[in-house]
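Shared between the two complexes below is subunit A, which has subunit B as its partner in the first and subunit C in the second.
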Partner chain A sequence: MSQTEVVIDDKRFVAKEGSLLIDLLIKHNLKVPYFCYHEALGADGNCRMCMVEIEGQKRPQIACDTLIKEGMVVRTKGENIESVRRNILELELINHPVDCPICDQAGECKLQDFYMDYGLYDSHIDQADKVHHQKHIDLGSNVMLDQERCVLCARCTRFTADITKTHELGIIGRGDHARVSTMPGKKLDNPYAMNVVDLCPVGALTSKDFRFSQRVWFLTSTPSVCHGCAKGCNIFIDHNREKYKDETIYRFRPRENQAVNGYFICDEGRLSYKALQENRQVERDRNGAVCSEAEALKAYCKTLEGAKGEIIVLADPNLYREELVAIEAYAAHIGASLYAPLEHYRDEDFADDWLKSSQRAANAKAVEILEIKTTLPVEKAGLLISFNHPDAAQIKAEKVISFQTHIGKDAYDLTLPLAVFSESAGTLVNEEGIEQYCPRAIKRNEPIPTVIEWLTQIEGGDK
Partner chain B sequence: MSFVFSKENLERIEALKSRYPSPKALLLPCLWMAQYQEGYISLDAIEVIGEVIDMPPMELYRVATFYTMFNLEPVGKYHIQLCKTLSCALRGKAQILAQLSNRLGIKPGESSQDGKYTLSQVECLGSCGTAPVMQINDRYYENLTPEKIDTILESLEEES
Partner chain C sequence: MDNKVKVVPRYGSSFKDRLYLPAIYQGMKITFKHLVGNAADSNAVDTLEYPEEQPTDITDRYRGLHRLTHRQDDTIACVACFMCATACPADCIFIEATEREDGEDEKMPKRFAIDTLECVFCGYCVEACPCDAIRMDTGIFSLTGNSREDFVLEKDQLLAHKGAFGEEKSRARK
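Take a look at the complex of A and B:
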């Protein structure tokens, strides 16, 4: 397709002939409201919100179904088109319950945004005359449906029909009685189901896991990467520190990256934030007794000095590349052999042919590139130093020092707390070799050291 | 699954298939066949049709719920559909409804206890010139009066 020039609101733009007008508008941030169009789902043309004026056409046209033509002149603003939009919006809202005060979508709701941008009319319909449907239907897979809030954009049903091809959702009935539903007795049940919550432009689909926990405008979104498998899906970590409380993660949301995950993430990855704040190792533990940081460092050095025989260092293949590099240098410095065993992270049952990978270690590729040994060491060690490796207990060793993020069932000579990925920063290399940097999202009230912070302290004490 | 198409219906389906480029075109005919065969379209029937025409059940269910003429619940032997739209409403539909309700002892949307009658109200039956109108199974009854209702119901009683 050849490039061509079009005029939108008196400005010139270059676009591919035959491409969708709405894509051009979105790309250049030219504001036009829309519910049903979505880059991943394509045009459906059902909501009629994306109306624009096109020179030479009698009536306004929907931008999501208009192909770019040579010399096209488009208007997205002006009294005429704005009144058309206002009327369409009023029609969309005619049976809407307007329960924003108790709706979880408030603050990130397209209906609210468009009403403020284009609506601002007084309602012609009495609250008592509205058609009512069922509220809070548990669809399954952590998704709650409020049929009254739905604008029938069919994004959710197109997702289950065209993307997951599981066909659980559909719009049934017609007219005022049209509503989203599953088949009677059936549930929404697929490993990517919760994406419909993000797709839903309004509060009709909400996450059972997230709802009522936070108002979205209190949340800070930090870009990051899911550590659930080696795919490395891009996410936002949505977190907040409430008064008198510690910084808490409330949800993971997919972040668009066409090279990795498109617009979506799997449900397991989405819910993996919980594990970051449950059952955490926070104390330093020496032979079963809690000790101070100074005592712990002293014990560390003493154990290291007294080590007889080989020293083995284990590094978790989920650690950031910078952390792995630091561990590699440290292991060389103390004359230890370094391993990052991968066996534990093979999970064929988890994999599918879309996002989910059978390699569950997020940074397995970095381990490979750094040429760190990935087998489980079989020889007996005089001292084992494990950086959060789940197989630490399987190594035969006289003494064990374990840095760990979570409380485990095994007791070691010295157990030291370690920051999880959201409390640290660094680079992941996904299974396709794409490097992705994750900034630190969470700062705890009482910070837990990262690998690099520990090593700096240890090496400082060393000198 | 308890639903199976009768032999005749299977033959009709095969014959129809050759007429269209895709078996999906048989969606509406199959729903009709299931309804005529069983009196209503069960979820089992939807599953079976889905296999026959290679379509996910949800897509079928959407269509079946869109058209009010498809019954998704069992109906009585006589399904009485009384028009409630403008012409009929102006020409005395209310009295007709009262007469039907009284004689059968059921309200619109209900079935008689013996399972013989189901009473529904529907939108325009397209016979406004002879309003008020009702349809019992596939037959139209026009220019209705309360007296006519008595005669019609009596003849149905005799018939069965």
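Take a look at the complex of A and C:
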């Protein structure tokens, strides 16, 4: 398609002829309200919010279903178009229960945003005259439905129809009685179901997992990458430190990255935040007794000096590349052989043809690039130093030092706590070789050392 | 936005105001009136022998200790929307929300606590509440305790406080 020039609000823009006008508006941050349009779902044209004036056309047109033509002159502002939007918004809101105080979407709700931007009218309808539907319906797959809050944008039904192709959701009834529902007796059930919560522009679909746990304006979002598998889906970690409490992650949200995951993540990855704060190893543990940091370092030195036979270092292939490099240098320094066995992380049942990979180790590609051995060592070791590898207990060793993030069932000679990925920073290389940096999101009140911090301390203790 | 801006005239720039002397005279007049009156009759001194004597001039605008109001059916009016906690400049309101099972709304506080030692009694929580669920009209102006924890008022205590000026129930909830 050829490039053409269009004029929007007296400014010139170059766009592909025949592409959607709304894409151009979104790309250049030109404010246009919309509910039903979504880049992943395409134009549907049912919400009518994205009205713009186009010169030469009698009536306002919807930007999401207007193709760009040579010499188009578009206006997104002005009294006329704003009154059109206000009237459409009032129609959308006419039966809305306005229960923002108890709605989890409040704060990130498009209805609220658009009302403040374009609405600000006094309601013509009394609360008592509104049409009522069912509220708090458990749709399954951690999704709650409130039919009253719905604006019938059909994003959720289009997601289940066009993207997951599971067709669970549909709009039933007509006029005021139209509402989103599943088939009688059927549940929303697919491994990507919770994406409809993000897709829903209003509070009709909310997460049962996140329900009432936080108001969204208290949350801080830190960009990161999901560690559920080698796909490396981009996420936001939404976290908050409540007064007198420790920093807590409340949810993962997908972050757009067209090169990796598009707009979505799988439910398993979305809920994987829970494992980061449950059953964590926080104490240093020597032969089953809690010890101080100085004692632990002393015990480490003693164990390392007294090691007979080969020393094996195991590195978790979920660790960041920087951490793997540091472990590699450390292993060379103490004359140990380094392994990052991948066997444990093969999971064919998990895989699908979209966002789930059978390789469950997030940084398996980096292990490959760094040429670290990925087999399970078979020989008996004099000393095994494991950096959070789940297969540490399978290796025969006289002495074991285990740095681990979570409390395991196996007891070792020396067990030391280790930060999880959200408490550390580094680079992941996904299975397609795309490098992605994850900044540190969580700062615990009592920090647990990361791999690099441990290695720095150990090197200091060596001397 | 423009049509909502109200221009308020600025006072204090006239010659009389800038002299300051008339205002000082006004103030001193009251001071001396009390001085002479009190010196003449020490029984008429306008003080209160607290705590034997309790104040009687607390009005319904007085910001006393907080209370949580009830609905008409005597259940809690609060829906745990966190507006008060958001508005609170002292960050002293601690709420944990939970599911409400009795069919009224969906949400209610599992825990609602105010640390009155941190509270600055600004009344923003009352202003922010969309449900008329928190009020400061108890008329209670003193709170005593033996430990810091005693001053953290939990949901039950806040619900037990009575309104001192006749309005018992939340006016915003059925």
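FYI, the second predicted complex is superposed on the first by the 463 of 463 C-alpha atoms of A that agree within 3 Å, B and C clash if a C-alpha of one lies under 4 Å from a C-alpha of the other, contacts with A are read in each partner's own complex, and residues count from 1 in each chain.
Note that a residue touches a chain if its C-beta (ideal position, glycine included) is under 8 Å from a C-beta of that chain, and two chains touch if they have at least 3 such contacts.
This one's a predicted model, so the numbers in the text were calculated from it and none came from an experiment.
Trainee: Mind checking subunit B and subunit C on superposed subunit A, clash or fit?
Mentor: Overlaying the two structures gives subunit B and subunit C room side by side.
Trainee: Give one of first, second, both or neither to describe whether A:151 is in contact with subunit B, with subunit C, with both, or with none.
Mentor: Once the two structures are laid over each other on A, A:151 reaches no partner at all.
Trainee: Of the two partner chains, subunit B (first) and subunit C (second), which one does A:184 touch, if any: first, second, both, or neither?
Mentor: After superposing on A, A:184 lies in contact with subunit B but is clear of subunit C.
Trainee: Between subunit B (first) and subunit C (second), which, if any, makes contact with A:383: first, second, both or neither?
Mentor: neither
Trainee: Taking CA centres after the superposition, what's the angle at subunit A between the directions to subunit B and subunit C, given in steps of 10 degrees?
Mentor: 90
Trainee: Taking the superposition as given, does A:102 touch the first partner, subunit B, the second, subunit C, both, or neither?
Mentor: The answer is second: A:102 touches subunit C but not subunit B.
Trainee: So, does A:170 touch the first partner subunit B, the second partner subunit C, both, or neither?
Mentor: After superposition on chain A, A:170 lies in contact with subunit B alone.
Trainee: Which partner does A:296 contact after superposing on A: first (subunit B), second (subunit C), both, neither?
Mentor: Neither partner.
Trainee: Just to be sure I read the superposition right, which of the two partners does A:225 touch: subunit B = first, subunit C = second, or both, or neither?
Mentor: Touch partners of A:225: none, neither subunit B nor subunit C.
Trainee: Closest pair of CA atoms, one in subunit B and one in subunit C, after superposing: how far apart in Å?
Mentor: 26
Trainee: Enumerate the residues of subunit A that count as touching subunit B in its complex and touching subunit C in the other.
Mentor: none
Trainee: Which positions of subunit A touch subunit C when the two form their complex?
Mentor: 99-102, 106, 135-136, 211-213, 215, 217-218, 242-243
Trainee: Sort out for me which residues of subunit C touch subunit A in the complex.
Mentor: These residues of subunit C touch subunit A: 79-83, 86, 91, 94, 97-99, 105-107, 130-131.
Trainee: Flag every residue of subunit A that touches subunit B in the complex, lowest number first.
Mentor: 161, 167-174, 182-185
Trainee: Hey, which residues of subunit B end up touching subunit A in the complex?
Mentor: 43, 46, 56-59, 61-62, 65-66
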